[in-house]
Each structure stands twice: as C-alpha cells, then as structure tokens.
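Before anything else, here's the structure in question.
Naming follows writing order (A, B, C and D), and every chain is counted from residue 1.
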Amino acid sequence: MTAHAAREGRTETPHHGADSPGHRTGVWFIGARGSVATTATAGCAAIAAGLHPPTGMVTETPPFADTGLPPLASLVFGGHDILDCPLPKRAEALAEGGVLPYRLPTAVRSELDAADAEIRPGGPLPGDTRTDQQIIAAFAADLTDFAHRHELARTVVINVSSTEPAPGPDDPRLPASSLYAAAALRAGCSYVNFTPSTGLRAPGLADDVADCGLPHAGRDGKTGQTLLRSVLAPMFLQRALPVRAWSGSNLLGGGDGAALADPAAAAAKNAGKERVLADTFGTAPEGEVHIDDVPAMGDWKTAWDHIAFDGFLGSRMVLQTIWQGCDSALAAPLVLDLARLLARSHEAGLSGPRPELGFYFKDPDGGTSPALAEQYAALLAFAERLRGMA
Amino acid sequence: MTAHAAREGRTETPHHGADSPGHRTGVWFIGARGSVATTATAGCAAIAAGLHPPTGMVTETPPFADTGLPPLASLVFGGHDILDCPLPKRAEALAEGGVLPYRLPTAVRSELDAADAEIRPGGPLPGDTRTDQQIIAAFAADLTDFAHRHELARTVVINVSSTEPAPGPDDPRLPASSLYAAAALRAGCSYVNFTPSTGLRAPGLADDVADCGLPHAGRDGKTGQTLLRSVLAPMFLQRALPVRAWSGSNLLGGGDGAALADPAAAAAKNAGKERVLADTFGTAPEGEVHIDDVPAMGDWKTAWDHIAFDGFLGSRMVLQTIWQGCDSALAAPLVLDLARLLARSHEAGLSGPRPELGFYFKDPDGGTSPALAEQYAALLAFAERLRGMA
Amino acid sequence: MTAHAAREGRTETPHHGADSPGHRTGVWFIGARGSVATTATAGCAAIAAGLHPPTGMVTETPPFADTGLPPLASLVFGGHDILDCPLPKRAEALAEGGVLPYRLPTAVRSELDAADAEIRPGGPLPGDTRTDQQIIAAFAADLTDFAHRHELARTVVINVSSTEPAPGPDDPRLPASSLYAAAALRAGCSYVNFTPSTGLRAPGLADDVADCGLPHAGRDGKTGQTLLRSVLAPMFLQRALPVRAWSGSNLLGGGDGAALADPAAAAAKNAGKERVLADTFGTAPEGEVHIDDVPAMGDWKTAWDHIAFDGFLGSRMVLQTIWQGCDSALAAPLVLDLARLLARSHEAGLSGPRPELGFYFKDPDGGTSPALAEQYAALLAFAERLRGMA
Amino acid sequence: MTAHAAREGRTETPHHGADSPGHRTGVWFIGARGSVATTATAGCAAIAAGLHPPTGMVTETPPFADTGLPPLASLVFGGHDILDCPLPKRAEALAEGGVLPYRLPTAVRSELDAADAEIRPGGPLPGDTRTDQQIIAAFAADLTDFAHRHELARTVVINVSSTEPAPGPDDPRLPASSLYAAAALRAGCSYVNFTPSTGLRAPGLADDVADCGLPHAGRDGKTGQTLLRSVLAPMFLQRALPVRAWSGSNLLGGGDGAALADPAAAAAKNAGKERVLADTFGTAPEGEVHIDDVPAMGDWKTAWDHIAFDGFLGSRMVLQTIWQGCDSALAAPLVLDLARLLARSHEAGLSGPRPELGFYFKDPDGGTSPALAEQYAALLAFAERLRGMA
C-alpha cells in the first residue's frame, strides 16, 4: 500500500480541512535534494499516511495537542538546490544506506515526485554575473510562484544545506545562505536556519531583519553531540564538579562530512559546539573538537566526547560518551517541528527572533539558557501560549 | 602546615561563633570507618582549613549563601562501626589508593584522631543476644552521650555503611540499618539514608517515623551512573526518542564491591538505578544492570551504559557512556551537603521526609520528579526558603 | 539479475567440474533455519554468483589458492531444524534487520528454495518417545538420503543451532547436539561444532569418536569478543603487563540472546570466553562476563570489555574495547570456511580432531595456542600441507 | 628502607660483578630531565633494590634469562637536557601526578641525586653560534668524560626528548636530535631513538651511520595506541575483514602534549601511527589521527580509536578502543629494555640497525613485519642468539 492509498483509507476526520486550498502550508528547503530535506519530505509523507509513528517529533507529543499547528498532511514541499539528482533516486540511495526504511521510497513515491517538481535551481554558481539583489529577487519570485500555484496560506523557508565557510569580514558580497534568507523575507516567508551558515545574521541584512515583521529562528540545529552537552554540562555545574577539559571527535561521511573537511566550515560548526560549554560554565574549558570526513561512514555519525572533571579534593574523574546516529534522521523530525512552529507563529502574528525555540539550536536567538531542561520548559510555555491563541 | 594551623591563621570572621559550645553540629556516621565517612571527615577538615576548595559541595555554591547552614568548621564527627581500623590508618590507605591527596592524612591528622575517638562499636554482630529494642536503646545512648559531651546544638545521623541485603518479608527482626535509624529518632536526631538499605522504611518503624517530628531524607545517594541517567533519560523523553533498551555494567572494588557481590544486596542497589528510568519513561525499558566486584579496581569505579534508542522512521541509534570515578570522592561532598541541610532543616523546625532533597537520591522521599534539572530547581527553591527563615 | 542468471553468465572455467554429480559437497546445518545458516546459505549463493566479494572468508584469500578446497558453487545445502519458517521468509526478515543486503533474498531466491527443500525436522521435541539410538539412526538416514539424491562426494555436518544448556553429569540421555553429532559420524560425515554445545564431547560418544576415521573440529566459533581477546591477551603477556581484571558485557538479541538468557546456556558460552584468558595467562584474571538478552538489538551485538592492567611501578592503566557487529555475518563466512576445510580434510584422508583449525574456535581441539597469530600460522601451514596433497 | 639499603641487604650473588669498574654500562638520556628519563632512572633503582617487580620489562621475563644482558644494578645514568629542574624535584612532581608511587622519590633519592649530577647542558639554544661539528664534538666529549670517570664498559645513548618538528628538506643545519645522535657515534656509543625525531636518519649522517660499526635502533617507541594497532590490524587482515576507516584521537598533557600541539611535530608523530596500518594493509585506510594537548590530563593519556570494517556481504561493523595510560610509565620499561639490549648487542660485536627490535618501535629499522606477534617472535629469536653468544 502506498502512502497515498493509506491516506485515502484513513477514516478519521481531516484536521480543519488541512488539504484544502488556503489551508496548506509551504515548506521550502534550501538544500532540497540533500539528505535532511529528502528524509523530512519522505518521512512527513510516511507519518501522515500512518505508515510510521512520529518518532522524534516533539510537536506530535501531548503538550502540543490543540496548539493550532498545521497538520503534517497539509504541508507542501519545495525548495532550492544546486544539485539535480531526482528526489526519488536520492531517497533510494538513503534506503540503501539504511537511513530510510527500505520500502519507504516506493511507498511515498508520488509525494517525492511532487516535491521534486517544486525544486528550483539554487545558486549562485561560479560565473553567475547577477548582483546580490538580482539573485534575491529571483529566489523570492520562486517562493511567490510556489505559494501562488499551491494557494498556500504561508510558507516557511528552512536552510538545511551544507555548512558554508564563514565569510570574511570585508567580503562585499552576501554569502549564499544570506541571499536565500533575504529572499525569504522579501517573499513574506518565515525563516529557519538549521545550519551554522550566516543566513539572516549578515550585517548587511540587519535592517531587513528588523523591519520584516516575520518570525524567524536559528541557528544550527542541535541534533547529537551538542544535544548531549546541553544536558551534561548543566549536570556538572549543578553538582559543583569543575570540568577541566572537554574534548570531542566527530566522524561523519555524507555530504556534511565533505563540507566540513573545509577548515573554515568546520570552524563555523565547532563554534556552535563549544558555545554551549562557554555559555554554561562562563568560560570554555580546555579541549578541542574535531570533525573528520570519513566517507565510509555514509550518513552515519559517531561522536566521542571525553570530559575530564575534578571530584572532591581534586580527585580526577572522567566521563566519556559515544553517540552513534544518523544525522539526517536526527535532523528531519526537528526540521518538521520547526516548520510547523514557525508557520503557526506567523499565523499568530508573532514576529522577530523566537527565543522559545532555543531547544532546537546550538546557537539560539536571543538570550536563552543553554540548558536543555530550561529550553524545554520554555518550549512548553510557548505551546501553552499558542494554545491560548488558537 | 597542618589543617589546624591553617585554620588558626584564617583572618575572616568566624560564622556565628561556629566553634563555640551550643553552636556545634554533630555528624554521626553509620559506617564511620568506611571510605565515604573517612573521606568526608578528612575532606571537611581540609576544606575548613582552606587546604582545598569545596569541589563537589553544592551547599558551598552561591545560591546557598546566607541560608543559615552550619559552617563546615562547626561540624563534629563521630559514628558507629563494626570494624576497628583507626581512621588515620584508613585515611593513609585511601591516600595510597589515590582517593585522598597524599599529604592530606598527615595534614588533618588531629581531626582524624578526634573523630576516631568518637566512634562506638556497631552491631549487632553474630551472637548478640540483645533484643531489637535493647540495641536501639544502646545506640541512642551513644548519640545522646556524644551530643552531651560536645554540647551539640543537634546531630544528624547518616548511614554510609555497605549496602545490606533486602530483608525478607517475614523476618521478625529489624535489619541493622533500621536499628540505627530508630536510634536516631529516639535520640532526637535527624536522619539521612545514603544507602539502599532499609533504614526508616521498615514497616515496623512506620509509627515512630510518623510521630518523630524530625526531618529525614533518603534513600541511596545518586553519585554516578544514576546521576547520568537522571539527565539523559529526560533528554530522550523531551526529544520524543523512544529508548528501546538501557543496559548497564558497573565494575567496582573496595568494600562496596564486595558487599554488592551478594545478589540480594545488588538487587537492592539495582532497584534504585532502574527506578529513575521507570519513573521517567512510565515503564522501564529492556535491559539489565550488573554490578561486578572487581577488587583490582580498589575504590575506583567504572560504569558503562548502553542505550539503544529509535530515531526518525525507526532508525536505530545508540548512546554509550563510560563513567570513571571514585565512589568515595563522589559521595563525600554530597554527604556533607546533606548533613548541613538536615541540621538546618531541624533547626528551622521542619520535619518528616524532605522531598526538596531528591537531587541527592536515587530513591527520594515523596513524589519528586526523577529529572535532575527539576530536582535542582526544587533544591534552589528550598535554599531560598531557608534563607527566608534565617 | 538473479544469482542463478549471474552464474550462468560466468565465463571462467569451472573448477574441476564442480557442479557435476560426484563432485558436489554437501553442507548440512544443524539449525538450518537459524540466522547463521540462512546467512551462510544466501551468502554462498551470492558470492558464487559474483554478486558480492567473499568478505570474511579466509579460504578465499591468496594463501588458500590451489589447496583443493571445494568451490563455493559446488556446495549443496540442507539440514535439520525444529522450526518451520521457510528460508526465503527468514532471509527476508534478515534483510529487514540489516543483516543481509536488502535485494539479496530476491536475487538468491532459487538457491534458498532449493536449500529449504532439503531441511528435515530436527529433534527430539517434547513427547518424543524414541531412544537415543533410534533418533541417531533417523538423523543419519536423513544424511544418507541427502547424499544419495544429490550424488554428493561427501557431506560436512555443522552445528549452528542455539546454545544448549550444559548437560548434568548424571543425565542418562545424550543432549540433542550429541545426537546430531553421532548421526554425522554414523553417516560417514565430517563434523564441525560451531556452538558451545556438547556435540562430540559427550562421554558416551568417546568410542564412536575414536573409531570414526573422520575429521572433526570445534568447539564454539570465535567471532567477536573472544577473537579480540585472542590478540589482546598475548599483547599484554608479551609486553609483561599484568592484567589485573578483565570484565566483559555482551548485549545481543535474536535467537542467541534468548537462548543465552538461560543461565546454564550462558555458563557454557562464558566458559569459552574465559578459556582464552586462562590459557594465555596461565590463570584467569579477576572479572566476570555477562550476556544479556536485549531483544531490541535484533541480530546485532555489542560487546564491551574492560581490562585493568598494571604498568611500570604498579601504575594503573585501562583498555576498553567496544565491538559492534552482526553475529550471523561474523559467523557465516567462518562456517563456509570450515565446511570447505573439513570436506577437503575428509577427501585427503585426514581424520580425528583438527587442531590446525584452532583459528576458528574459542575452545579448539587439541593443544593449540590460544594466540590468534599462532593459530593463523598453523592454519597457513595446514593450507600448505593441503596444497601438497592436491 | 631506601633503595640503597635494600640493595645492600640483598643476598643473591651479584651478576658478574655488575657493580665493579669496567662492568658497568652507561645509559645516557637525551632529555634526561623529562618524564620518561626520570621514570626510567627512578624505576631502575627501585627494581634493582627489590622495591617493585619489573612490570613492563620484557627483558626480565624468562626468555631473556642467561642472555648476558647487563643487570639493572650495573646501569649508570646521565644525559643531556636543556632544562635545569633537579631530578629529585621532577620525581616528586611525577609522584604528585600519580606517575610514580608516592614514596618512591624518597626511597631512591640517592640514585636520583647521582644521575642528576651527570646531566650536562643540551642544545643548541637560540643564539648558539657554534657550528654543527663543534656542537657534536662538545656532546661527544660529554659522553667520553662520563664513560671515563665511571670506567664504563660501554654507553647507550637514548633519545627520549620531546618530539621535534620534522626538518625542512633544504635546511642546511642538522636538527638537534641528529646532533646528539652523531655525537653518540663519534663517542663510540650505541644509539636508540625512542622518539619520532630525525636522529640518525638525517641524510647528512648517512656516511657516519654506514661506517660506525655500532648497533643502533629505532625510531619512535610503540607504547600505546600504535601497540594496539599492531595486534588489531593483523587480526582484521587474517580474518579477511576489510577496514574501511581507522580514525583516532589522542588526548595528552605533560611536555609531550605541548610539543605535539606544534602541527609539524604532530605530523611526525602521526606518520608513525599510520605506518603500521599502511604496512599491514598495503594501503592506509581512510581516517585521521588527532593529537590534542590537554594540560589537565597531566602525564596521563587517553587514545580513542574507531575502526569501521566490513563484514560478510558488506555488513557494517565497528570496533572502538579506549586506551588510558601513563605515557612515561609505558615508555620507561621499554627504554630500560632497549638500553640493555643495545649494550649487549654492542658487547657481542653486532653493528648497524637492529631489525630484531621492531617489537619496540612504530617505525622500526629494516624490513620487519608490522605485526606484533611476528616482532615478538623475532625478539625471542634474538634472545636465543644472544644466549648462544654468552
């Protein structure tokens, strides 16, 4: 049974006519043919069709009931990418790598085809002679066209492309991530930066961001090693156990591994990983973080952390953690959560950075606590607030 | 410079005449010659003398300033034990094992001698023909005598002895831990059970506990693997990542390793380790916990946890943790914290179980959250409350 | 392209008319529907067809060229099992669990069907009233019939069923593994015990074994944790670093996990794991081995070892290893190796236990070195000897 | 009891008048005040005095009995260093860090003082205007003077200083390690390079090395992570399990950690770690090695290795190892072994590189096997040969 057929057969009442024109929500991925976007697109279809439980989606847990989030079945996917591998083929490769269940690409083939048809060329590619403004205008036109054709109530733009190197301070051009982000604002779309790239934080976009009247959130999704750090670091702090050194190594293949083999990109990524420690302890402990590109790992990732801490009377103790997961599968449910939460924020008239979403980010907007427990409490409070607005 | 000399040289104003008669607080250890009690006794002297920072003592962090806790220098140590190895010799052995800094036993020799002089024979030993009530009366007399001779404002009794096997349901006698606990109440002392032993939870003591008008806390200090579990389990829950199996192995030598080689004692210990998981997830995941006696490890302990969890679309992920620490050094600062918090609770007229102290226990009193972050918040609120009472 | 088609298309010269009657070798699995047998059967077909390289098969490496081993394409599979799940369905389940490549069950469907048709009911099941001799005769008849119908040159019987509990000393009946082993000898088949079960080592079979004139090998395949131990223990010995304690934990699901949840079966398994340490060091170091049944792990297994050793002047050092693999995929190529080596030994007229095969076993026959390097050297010398006999 | 007193009390027959003039062997350390040299000097005294067993010394195991090695009590220590911290103070610091037993510096105080008196200034320091030849002559004079005053039969020079950056190809000067090595040859001393530094392998020394008529050995002692690799890599090879990626991270403090924070020095070190893999597999697998300077670790080191390998039919498996040890304690017994083996080789008239000692090195001389088991066999054969020469 395909996802389409499964969905047809569902007998429960559709949520508020979720599928009808004007009630649909657009989800536009920057990096739409990448592992994260492909996994999110395929997974959304599979969950909406009842083929899989919504594992890893916080917005599907009880505290988010009746908060007015757009149903998964109402999401329409599109995006930009500079690659041209068709989504169904990409999904097939992910299934071979064990990231997607092996029958899933077939089961959600029609949804993958539909999303594939809505992917527009990204850029700029080498040799592109357009100005930044021309590129922004072109991207924004893609977004407007997408919304118009699908009669979307609103669209959330989410950057899930590979990490770009941090731009130099005197570079007169906006980095690509900022061109996409500026286009989102221009097209009236809310925006999420799930990567460590610059996005809305380019100095040249400060006025646009201030005046946009749109909600936005980011930066750099917290999926694995940093997620762990956001619960372990507070533990050491609360127990008055001084951390002497916190060292980490990450092994990953896939596109992200290759991108992060660029030292400038790795530096951008590492900054986020160390921020949680510096924010928790006041000062970053000794220790480095390495990110190794290991193509043999494919989409799977291993992160080892070694934490040397002092006990009573200076006794030396050590905690080590080994996290083995699939980055795409860790990121995808958070991306779907964020698409729904931003769309709902937009609908509710909220604008500006959303510090309530610090739970999802290594480098959250606004002055949020670095501790996961407090971030979760803030997220629950936000859910309560949205419920009141419904 | 010995601790005594160092203390004499301190120029800061003493806290409320902490050392003067009537302002001193007794700390009475069940298992007073064990590693934890020896480490706590030596460490308290070293910290009070300024020889070491109070690493691991939560009550020495800023939120506990001005909450009226008894100063470390005002604590007077004594206890029961069935062994007769002198404390200074015990401390020397701990220094050889790397648990205590190697010059410390010499530096705090006079304090160790003083505590050693206040250790009374424990029991009951095989062949003891006294009734439970006779034993309780004898233990209580030891406590009263201790308080009287030192003109103590009050005394906290803390069980830090080896884990005893869980008593059978039809055993007519109280287990030793309960005899000591009953003696504490009879002598008007507050009580902390830092072990998984029965203590005040014997059915036969229910009335005494209900009527005692004294504060008490416990059971089973949360020092390592369970501490970790109390931050990791909430993380999985908050991120909607179902834990499929949580398995653990503990290797430890020392007295605790030998005691826990007894399956009945190990069962008592494991119950606490698994409770945090069951309490967090609603039901305990698959997986066992092993405790191995490995004499070669001495007082050092290694705990390995393997957590198999599901990611998006059922992808299989794994977190492993390896915790390497010294049990005595992990426990001692918590024991000193609890001594101070119970003494202060007693002074403030609080009685009954203190759920605010769930932060310290695997198996806390009352209906407290199993999540460390929430337990810490409750502890801070308690500090605030104590400050208001000062 | 199916394996059959792929094989047909091969242009290389067939080895000695491997597929022709009288040149085929039978491989008869005890536990023919289990994970190991299914993986070996499917994998043999896939490799013979050129669909996969022979990863993990030592007999396919250069030192074994021209040693006269039966080609993979000449092996004919059959076996006994008490279960009745069809092999193709079993293979499909293994593919879903990630043990087999997901297109493999389809590609080798005809070979799986053929093997499935040659599986006979195992036993004895509860209520079976036959005597041991009657059961042995029935099993032997199955073997003779198999050889006759396929015109096999010879057959190797390999026990890959779940570990059975060690029999009590006074049990008058032979354990099932010994009934199968006795049947192998009676039918003139060489025999391999890849499990810790009793097999040929039952006292009651001693005369049969002595008189059989057939080669046999075993016991208990060395696939993971023990394989590691067989290289690490010699390293410590050679470097004069005394091992103080060697502790291990195994987590596994699948059929083997469930079987080993029986303490008697686990004891049989653990004996093998500890043997390599005792044999290397002269005496077993401190430390226990645990085997936990964790159904959530499926066919995947994690083994953690913690080795506490002394360095210069008694400094304490630790090595920890974490081995994560799929038991069936580790065992299957060794099983195919052994089938070929035993068949070739039989052809060459060798009989009795084959200590040259200690490389493959936790508990090898004869007085072989417990060190893998020496076992490998012995295996290479055996290959050389076989080459000379070709 | 001091080591001196303990030695006096020994009743066994001295080996060949080991202490008498003309029978003593000099051990001259480059880096004589470093952790390794201090540990070796103190440890030799302690073992000779019977205070500690010779843990980690392969030359004290039975196969080396009666091979004519100089007794530990006959070794006389001296060396070069550019630092001036007295050896007894250095030993005290090592005891505080847990590297040496805490009573040891006192027990071997007189031996440490004696060695301290034989340490000469190393170099060249910045501003030194001497030519390479002048420096070599000065170092050689120090060696000759040492031998003369102590009436030494012969002296072994051993480089245990911090790793120096690999020299550039066009550098006209010899690196410091080569100046010391050249001085050794000029003074007629055998030479061991226990570090990855250039030593005798400078192109400018090729003629001197060819003509010296002295035994020499090296380079880069194999103490931890590479030791492990030298048993694990052969295991994967012998089992036909292809290693897809081998990644490693090292955390260490102490002087070596700081030296290796220099990328050029780290590159020299890593080359050795990867050589064993390339030599075993024919080509180096994917994966990087990181060496982090973590001062909080002191002399203790943690090395994590992650080995991704393929199983049957391409199944993905992983082995991880965590090695926690004290570098000085790992190195010191090997250094003492090498001092004895080189002195004995010299006495026996052997000259040139000694491939029989590949067991001790990451980057051995000559064409030795990278597998530890084969290296050990070669070492045992060498012991046998020496015995025959006695």
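Everything that follows uses one rule, which is that contacts are C-beta pairs under 8 Å (C-beta built on N, C-alpha and C of every residue); 3 or more make two chains touch, one makes a residue touch a chain.
Here the structure is a predicted model, which means the values were calculated and not measured.
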{"item": "Distance-maximising chain from chain D - centres being C-alpha averages", "value": "A"}
{"item": "Counterpart interface for C-D, drawn from A-C, A-B or B-C and sharing over half of its contact pairs", "value": "A-B"}
{"item": "More contacts between chains, B-D or A-B", "value": "A-B"}
{"item": "Chain A-chain D separation of Cα centroids, rounded to whole Å", "value": "51"}
{"item": "CA centroid of chain A to CA centroid of chain B, Å", "value": "43"}
{"item": "Distance from chain D to chain B - Cα centre to Cα centre, in angstrom", "value": "47"}
{"item": "Set of chain A residues in contact with two or more other chains", "value": "98, 318, 320, 322, 324"}
{"item": "Contact footprint of chain D on chain B as seen in their complex", "value": "95-96, 98, 102, 322"}
{"item": "Residues of chain A that touch chain D when the two form their complex", "value": "244-245, 247, 249, 251, 286-288, 290, 292, 294-297, 302, 304, 306, 308, 318, 320, 322, 324"}
{"item": "For the chain C and chain D complex, residues of the former touching the latter", "value": "39, 43, 46, 52, 54-58, 60-61, 98-101, 104, 227-228, 231-232, 234-235, 238-242, 310-315, 317-326, 329-330, 332-333, 359, 371-374, 376"}
